[in-house]
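Okay, so chain A shows up in both of these, paired with chain B first and chain C after.
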Partner chain A sequence: MERRISQRYGPFFEPIHSLEREYQRTRPNNAPRSLVLNTGTVVDAAGSGYVELGKTKVIVAVQGPRPPIRIRGGVENTMNGRITCEVVKSSFCYYSYESTRMANVGRGVSEEERLLSTRLVRVFEPIVILDKYPKCSIDLYVVILEDDGSAFAAMTLATSLALADASIEIISVVSSVTVAISTKQEYLVDPDRTESECAVGLITVSLPLHAAQLCEIQHTGKLSIQVWLSAVQLAVEVAQTIGNSMCQFLLQEMEKNETPSLCS
Partner chain B sequence: MQHSTNRATAMFAVPGMELSEQGNFSIGTGCYCLHQRVYASLWGRVSFQETGEANSLRIDIQPRTRSQRSTCVPTVGDEVIGKVLKVTWRAVVVEIFAIQEKLLCYTFRGVVRLPDVATTSSDKIDLHNCFRPGDIIRAQVVSLGDPQAYYLSTSRSCDGVIYAMSSADPNQRI
Partner chain C sequence: MYAVSKAEKAYLLDTIETGTRLDGRQLFEYRPISLQVGVLPSASGSSRLRLGETEVLVGVKVEVGDVVESSNDNVQLLFTVECSGSASADFLGREAESWSSELQNALESAYRAANVFDDERLSLVPGKFCWLFKVDILVLDTGGNMMDAISMATRTALSTTLVPRVHIVQSEGSFELEIDDNPDACDTLKVEKAPTFLTFSLIGNHFVLDPSIQEETCARGKLSVAVDANGDICHVYSFGLLDAVELSRLLTIIKKTGKVLLNRLDECVKNGESS
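This part shows the complex of A and B:
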């Protein structure tokens, strides 16, 4: 019997800056990586979505609206609908230097996974029309198969696909993109792993497509206000193009499904 | 942003798509109104229905369904069908599995309390004579109830037990 590897294996040293010198970005700075979308990936779920951003791969399954499962010890007295989320990183997924140093919260949930799930709930709480689902809970199950940078943006895209697939009423499809600011003050849209680890700052913007609003801005690193503003502006533009292609995909899927039934 | 005047794409909607200005339209399922415009909130096929009034159409979106079971949630006034789980002196616990003849993905817990069983002389009713565990009943949702269960009522004449097995012979239907 092989023993189960309990320790996460990641890089044991902090990334060195020579890594950046050798690295060359192959595509233009403002171009995102190739995007693969799919819905209905998981059979048993009410709705599911799959997104590939370059090598980053994320599956989201939505269960619900269903009566909330009562957790022993605490009776929950909310009459509002609510969203719960569980993020799991696969064991062969890449763990950054910081995430391997993060403490395990217990029961196999790491600090990083818990952080990602609270962020995802915060993005989708204003988007889902929770008034229509009183007393019910909508559960999101996220599996990050591979993390090659911008995993949170991929999670947001996959979740909005899954919510649309589950016929849960949402205000709009949510689109999201990450922009990295490199040491040479370049704006790199949709950075991969090396780019996001060598970056000075990382900004992730999520926005509902058809309303002139933003859901969330996440920002790490130290940036001047001008740089920050222009990076957010760039992110919003790219997110809108990604969101438009997502809408096109959903419409095409619908037409594909409807056509055979009309013929017969 | 596509507009509904385009006939080819008007058949299908994506959440957040602008369907029309408010004007002569009323909102059905799967739509919401914001800043005097109607937007879609579901992914599905758009249908326009005449409501009977002059110059008014109702916009509905039928969600794309993969399974036979629907994902709707009981609301006040819905007619639901459920199975009796437990009978006590005060209330009957019901497991709701269908709303208006539509099967649900998940079952919801409902309670028929003693005053809601019948309209008249509810204090004389013995609930054990009215319901038995395993009966299938039709009821109406009167309120969202407490966090554990929906409150149901069987006081209408068309409500009550619709399917039950005989206690003498378990294979015989009453």
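This part shows the complex of A and C:
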């Protein structure tokens, strides 16, 4: 039995070439899809966030800081906290051969989900101030409700919201965006599923908003160095605008929830 | 699990600050690489590579398989990475799975992007049969930087792989494949387009190429880039806070080093020696 991760979501009802020809992007190349943000979606969690990027929908719940549930050898004695993550793709998040087969077999953690959770932990390890939570674990539970491209970017945004909602100390809000390079060498910001599949290159960049640094870059596809660098540049710019609107949203939410102080 | 004490870590950071490393290397220098090909007689192609303390064994098995999902590829590559439990305590239990799926995924995506086997000679019956190259990678020992060792070993194993000549016989609408009677009638694969990975660790404020296991433990980030001989990027994965300005500088280094490394590998295979 071979274990493979399929990057393609097919099979479609028509071959990919014809999809590419007929497909028309309805918004400008450098515009992301409409963004919906929400916090406090999950009542029982310490903090939660919900993000919609077009049709991509992701919900994240944060539990903790709390004592680790599953203690691994040696870990409980560390003076730093740790982050664990569990990603679940809903069985209806996209139509694919893999997912239909999965539904029949009954599912454990798939390889793709495991990779996504390691990636998410790695993005947030330098961001969360783990020194402040010794011997604790911060657990992230991610559900991808629908995946119409750029799911990892949506996951990162939602986790940022959830961490802020849980009042966990972080050095900055993390913003993230995916850029696809189409066969015509166009840069498509925040591609949907069709665009990601037809792309020759797909770059996801995550960055903390208040530091001139990058948290994570993942790129697949073959590109020359020049093209790649300019695509990263574009991704950084767009991620910053997305991050700014996310900060505004968080400030609004905070003002809404602020209870009037007793003294005045 | 490998661990370093606070004093060791401080010493390592100080050394790197001065521009050298604990084993005397420069910041952008590889450890000595030794290479053996044809180590597994039953495989179609194999190699064993040692990069410092890291040791990997790669075997390639060539089969004819059915085409899946209406793809037009002549060749389907299947990578399996297995991290031996004897190599490191990290590879016991579920940790091993996440390691191997990560390495496997990176290799798969880099080879898919590079479109390595776009070769007329490898064409079987398009849309019906294709070549299936099963690449089994076994990590025997870890001394840091598994990704680079694996990618180099995979490339050399594929470059020594022999593909038997096949005649296609068409009868009543169905195809039959006949392998040439002469067992010596084999083609070697062209792997010029195959990428190799170059991995940097971010230690303090410096990037170091080909990190050893001590350096990996002290690192706060990683940058792994797959380049082919033209210097095109096939796969990038990085984590940890890194400066965006550094990227372009590193990429020029990557392009240069990648080219030298690939040439050196090809030379070694051709001359049958190790460096």
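Everything that follows uses one rule, which is that the second predicted complex is superposed on the first by the 221 of 264 C-alpha atoms of A that agree within 3 Å, B and C clash if a C-alpha of one lies under 4 Å from a C-alpha of the other, contacts with A are read in each partner's own complex, and residues count from 1 in each chain.
Note that in this section a contact is a pair of C-beta atoms (placed from the backbone, for glycine too) under 8 Å apart; a residue touches a chain by one contact, two chains touch by 3 or more.
None of the values given here were measured: they were computed from a predicted structure.
Contacts of A:257 after superposition on the shared chain: chain B is touched, whereas chain C is not. Within the superposed three-chain model, A:111 lies in touch with chain C and out of touch with chain B [touch as defined at top].
Legend: residue contacts after superposition of the two complexes on their common chain; A:229 is shown touching chain C, with no touch to chain B.
Contacts of A:219 after superposition on the shared chain: chain C is touched, whereas chain B is not.
Contacts of A:129 after superposition on the shared chain: chain B is touched, whereas chain C is not.
Contacts of A:211 after superposition on the shared chain: both chain B and chain C are touched.
After overlaying the two complexes on the shared chain, residue contacts for A:31 are found with neither chain B nor chain C.
208, 211 are the residues of chain A that lie in the contact sets of both chain B and chain C, per the superposition on chain A. Listing the residues of chain A that touch chain C in their complex gives 2-5, 7-8, 10-11, 15, 74, 97, 111, 114-115, 118-119, 122-123, 125-126, 201, 203, 208, 211-225, 228-229, 232, 236.
Listed in rising order, the residues of chain B touching chain A in the complex are 1, 9, 11-12, 14-18, 30, 32, 34, 39, 41-45, 63-66, 71, 73, 105-109, 144, 147-148.
Note for the complex: chain C touches chain A at residues 1, 69-70, 78, 80, 97-98, 101-102, 104-105, 108-109, 112-115, 220-221, 223, 228, 231-245, 247-248, 251-252, 255. On the side of chain A, the complex with chain B involves touching residues 40, 46, 64-67, 70, 75-79, 129, 132-136, 160, 163-173, 208-211, 247, 250-251, 254-255, 257-258.
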